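Just so it is clear, A, B, C and D label the chains in written order, and each chain counts residues from 1 on its own.
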Amino acid sequence: MKTTVSIIGGSGYGGGELLRLLLSHPQVEVKQVTSRSHLGEYVYQVHPNLRKRTSLKFCDPAQLEAVDVLFLALPHGQAQGNMEQYAALAGKIVDLSADFRLRSAADYAKWYGEAHRAPAWLERFTYGLPELRREQIKTAQYVSGVGCNATASNLALLPLVKAGLIDLDAPVYVEIKVGSSESGAEGNAGSHHAERANVIRTFSAFGHRHTAEVIQELGVKNVSLTMTAVDLVRGVLATAHARVKPGVANKDLWKAYRAVANENPFVRIVKEQRGIYRVPEPKILAGSNYADLGFELDESNGHLVSICAIDNLMKGASGTAVQCLNLMMGWDETTGLEFAGLHPI
Amino acid sequence: MKTTVSIIGGSGYGGGELLRLLLSHPQVEVKQVTSRSHLGEYVYQVHPNLRKRTSLKFCDPAQLEAVDVLFLALPHGQAQGNMEQYAALAGKIVDLSADFRLRSAADYAKWYGEAHRAPAWLERFTYGLPELRREQIKTAQYVSGVGCNATASNLALLPLVKAGLIDLDAPVYVEIKVGSSESGAEGNAGSHHAERANVIRTFSAFGHRHTAEVIQELGVKNVSLTMTAVDLVRGVLATAHARVKPGVANKDLWKAYRAVANENPFVRIVKEQRGIYRVPEPKILAGSNYADLGFELDESNGHLVSICAIDNLMKGASGTAVQCLNLMMGWDETTGLEFAGLHPI
Amino acid sequence: MKTTVSIIGGSGYGGGELLRLLLSHPQVEVKQVTSRSHLGEYVYQVHPNLRKRTSLKFCDPAQLEAVDVLFLALPHGQAQGNMEQYAALAGKIVDLSADFRLRSAADYAKWYGEAHRAPAWLERFTYGLPELRREQIKTAQYVSGVGCNATASNLALLPLVKAGLIDLDAPVYVEIKVGSSESGAEGNAGSHHAERANVIRTFSAFGHRHTAEVIQELGVKNVSLTMTAVDLVRGVLATAHARVKPGVANKDLWKAYRAVANENPFVRIVKEQRGIYRVPEPKILAGSNYADLGFELDESNGHLVSICAIDNLMKGASGTAVQCLNLMMGWDETTGLEFAGLHPI
Amino acid sequence: MKTTVSIIGGSGYGGGELLRLLLSHPQVEVKQVTSRSHLGEYVYQVHPNLRKRTSLKFCDPAQLEAVDVLFLALPHGQAQGNMEQYAALAGKIVDLSADFRLRSAADYAKWYGEAHRAPAWLERFTYGLPELRREQIKTAQYVSGVGCNATASNLALLPLVKAGLIDLDAPVYVEIKVGSSESGAEGNAGSHHAERANVIRTFSAFGHRHTAEVIQELGVKNVSLTMTAVDLVRGVLATAHARVKPGVANKDLWKAYRAVANENPFVRIVKEQRGIYRVPEPKILAGSNYADLGFELDESNGHLVSICAIDNLMKGASGTAVQCLNLMMGWDETTGLEFAGLHPI
């Protein structure tokens, strides 16, 4: 018998991507999908790729029935006010929003500019990035989603932190380039195509909220995320600049990156001497759950450039959420996430 | 002494482009630019290309002073309610909107779905496409703007109609591909970058309002405009499909197109046998006032494909408006419109 | 035991897409992939989406071993010279190139400008579009691929021809807009990004080779395909302009299109009154095998606009080839082709 | 009487842009343009924007006649072998290539990997960035061009260096995002549209040749340029990460940036609290000669983000070359460079 799931907030990009994945997941039956703004519409009217794939309609959150696993894909700040109600509906919950990513209510207040409304729930959640917390997720009842920019940053830095190759107190600059789907389905004046096409727009020099997830999860204290929008729909590239500890050489880096790639089915190393695709690029990752990693070390001065590419809606959000589901349910971690991505695209 | 002009409705794309052109026009002094939504802001905050070029601020329409020429760049439907007031401010008016393009109130009602509110003004306006009505524009007091899609269609068909090479009663299909700036600065759900990038979206199969301008100006009775949005900001390509009269051959077409190109400084024929740019393309026209024309005749069956490429904000709107100004004032027709366009872009 | 397959010509876009599909096909084992230009390289060095999915290397065509099914993905004109050799390797062959699409050597010579080198093989091949020839494909030993533009045109016209709603002798204009992957992995001067980005470039007014497939398969004698390149990598949109027979109304069209959609698992009707995605669009089809159909009828004059959107590398090439494989082997027609496509992308 | 000029190497992007500018320069007459690969073709066949603007054809370099000013727009490495010959043709030379940007033959050998073939000429050239060397350029006989990435970096750092706000020995990371025109008209496998569209591709982690120009001109010793290609044709954005000296505050930065903007007609500060365009963006600079500067200071730790946006073919190459011409000839510095750029585009 299949595991039943429902999605709260299914009309956004994260919710739609999650729905696509769960509809074709062999172990799962999607029961309900909610949307206030599209109540009563067929889900394929909002997510046209799902036409002829499902006859589900968006329903009211008040009509939700009990399921095995509940996914929350609401705009940030909405889930925290209703956790008791959601917990009554399902034994396991995966929340894609930012509401339960941080362990400390103080950190939440600092980075999100307001007090958390359900601080007692913070400690019940596990940060949902399997590459960092696989074992905890396996036994977790409540799992948070991940920030897409945080994920690209965390995975770019993971091999370095895990192998102790950089000083955690030294400054780390992460330059992040992102596509337009990151800003959500709602859009704003600046996301109008005529204004958003052809851009290289640095919209946050430092202080981006996802920074908190890098500090919390990796312990890199002096890290700065600089965000630049480019002309692309899906994709994040994080280019992290750090200084390696004295004596660290290329072979140490290869070892550290290989270890992470070997331990994680969705991590690949991309570092080629020839061909067109020599480094990690989000271009070829659309729809796939891979995180591609690469690096370059300037041995003359210890300047390390570590690169991570992901699809922000997949590895940066919904793909990782399904990966967490697989772990929570004891299924193979890659179930339902087999799509290889397209070339060219 | 310079000719004084003001622009009503300067925060939209058409108004902004007009402002750019007029600010660098050697014979013109821009006195005022209005915008209700951006009242009091520097115009360069809305049109960032004008930074360091002007210290004008958007003012209230109620504060307008008398000028030599008034430009109206309001959303369609707004100018017609205030013509008496505008006429009191300036002896000459150029209206970029659709309000005074059609000569017949009945046609306006048919294509715009509502009665015209100032029908007496319709006959006072001259349709502002110099390639069709140069002599009338020279002596006109009131000149209407042109629809961008109508202009691409009219210029694609002009050589054929002028030389009598096609039957005016036979069906003519014009397939038009357009960029996102055509839909205006306001945008809508479908113009959000994530939804609008990578599209080939046929948004109007027939019945587009600009069709009325083609019927009126060229007398092609059975013409249909099919509109498709593509991933581009500026540009229109009209590909007209018609059948030539029996016996019409390539040499007749060359003669007809050359005649139009020779008579009009902004019309060029693009028909090369080699190189990358063999046909008219809007890509290289951004910012220029050229209309590039080309054609192909299938001599086996008389199927003619006539192509016109323009920048919708220049030749399709503001560039043509300045061209009209030049004619109305007795200046060289190309003054202030010398920008050649960029390659590559 | 799995069915064994090999691909001749695996480094092009069609071959790469085919490889991606076959590597994840549950009934298939990919034995060998050839490429002369990338001999000895890992396939993931050319098709970076396949990294961590296969350790296959490109091999020499001379090293091919016998398999159950052989796929040919060579540039047009190369397969016809080696059919005896290929036939000795496999009992079933699917050829993606244009070599065996036409049934008549005379037609081939007319459209391809040279004599066919293996005319005796022409009649042994079945045209490989299941929506037209499903039953024949099921028992075929040799199946040809389909032209991507021909497929979009054939499917746009199929409901009309099947239900007898248009006159087969009257002119039909098909305006086709295409992405850059259609021109193949080799590229040319005009495909350089700086020259190819932002284009609306009509590169063939009439006489495109794929026209022959529309004439042959649907019997629409007076059909013209006009090709325009736009800024997109994957996707084709065909907009067919025809005149319906007197008396044909919208309800007749609905019935005809619904019949085709009901009979074919990969055909969908897209015709919505609200939302962003009201018409067929290739944007959301990247990686999926769907052909989305829509139509608009101008009842005042019988002008019908029929629209078909596909991914040129999937439904227009490799996806249809796998669909044919499924039919030839007696498997479910949709096996290995379940990917829904992405939104947004 | 107009000043006569010729261009050697006019078929590339830099040469074409230069030609466009010089053709409309009021003080200049273009005599000849050379191209070996397009010998005898009209220049508008290669640069289609110049159709109806000039009847010049590409001529052979051997046919060059004497002129007042000679522009060299050859691929890097070619000019240095022919300087004596060029110097015999004109008293003033502006070379856009990299051949004479560095003052030291040793530096050239280090960064370009080969010995300079005309080291004696190095000291005769002045580095052609007016914002750095205006007075020298005014009296120079030979002026070098500038690297586009170097220019974006130099201008991002200029206010900081000039006002002494950063430590010249501390590490400075400059993250540079670039469009496809930067790689030149020749292209390569990776510049094919299907492979180059939608990219965020970090093609140089450090060690880019333009770094040498930043070290030489600003004295920032420990600077690293990291290059990432994005989906855009024209434009460079440099985002420089540095640490300000202790005590430096926002007001000091404002003062330093304002000073540079005030002294230089093509430098603007972009730092807005509202609107869409709050920071420097290359999007709106296509065709303009402006360099837009902005900055953000994290006062908690001294992390400064300084941003510079330019059009790589204008301020980053040909626009600056014309600016140098104006200075060398004693004309107004902005002559022929008045184009404001487009919004939207």
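Just so it is clear, a residue touches a chain if its C-beta (ideal position, glycine included) is under 8 Å from a C-beta of that chain, and two chains touch if they have at least 3 such contacts.
Note that the structure is a prediction, hence the values are computed from the model and not measured.
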Contacts common to chain C and chain D (chain labels): A, B
Chain at maximum distance from chain B, centres defined as averaged CA atoms: A
Rounded Å distance between chain A and chain B, as computed from the means of their C-alpha atoms: 45
Euclidean distance of C-alpha centroids - chain B vs chain D, Å: 35
Distance from the mean Cα position of chain D to that of chain A, given in whole angstrom: 38
Set of chain B residues in contact with two or more other chains: 13, 181, 185, 189, 194, 198, 231, 233, 276, 281, 344-345
Touching residues (chain side chain B, partner chain A) in the complex: 13, 179-181, 183, 185, 187, 189, 191-194, 196-198, 231, 233
List of chain D residues in touch with chain B within their complex: 13, 16-17, 20, 23-24, 41, 45-53, 181, 185, 233-234, 268, 270, 272, 274-277, 281, 284-288, 290, 292, 338-345
Complex interface listing, chain B residues touching chain C: 171, 173, 175, 177, 189-190, 194-195, 198-203, 205-207, 222, 224, 226, 228, 230-232, 235, 237, 239, 241, 243, 276, 279, 281-283, 296, 298, 301, 303, 305, 307, 309, 344-345
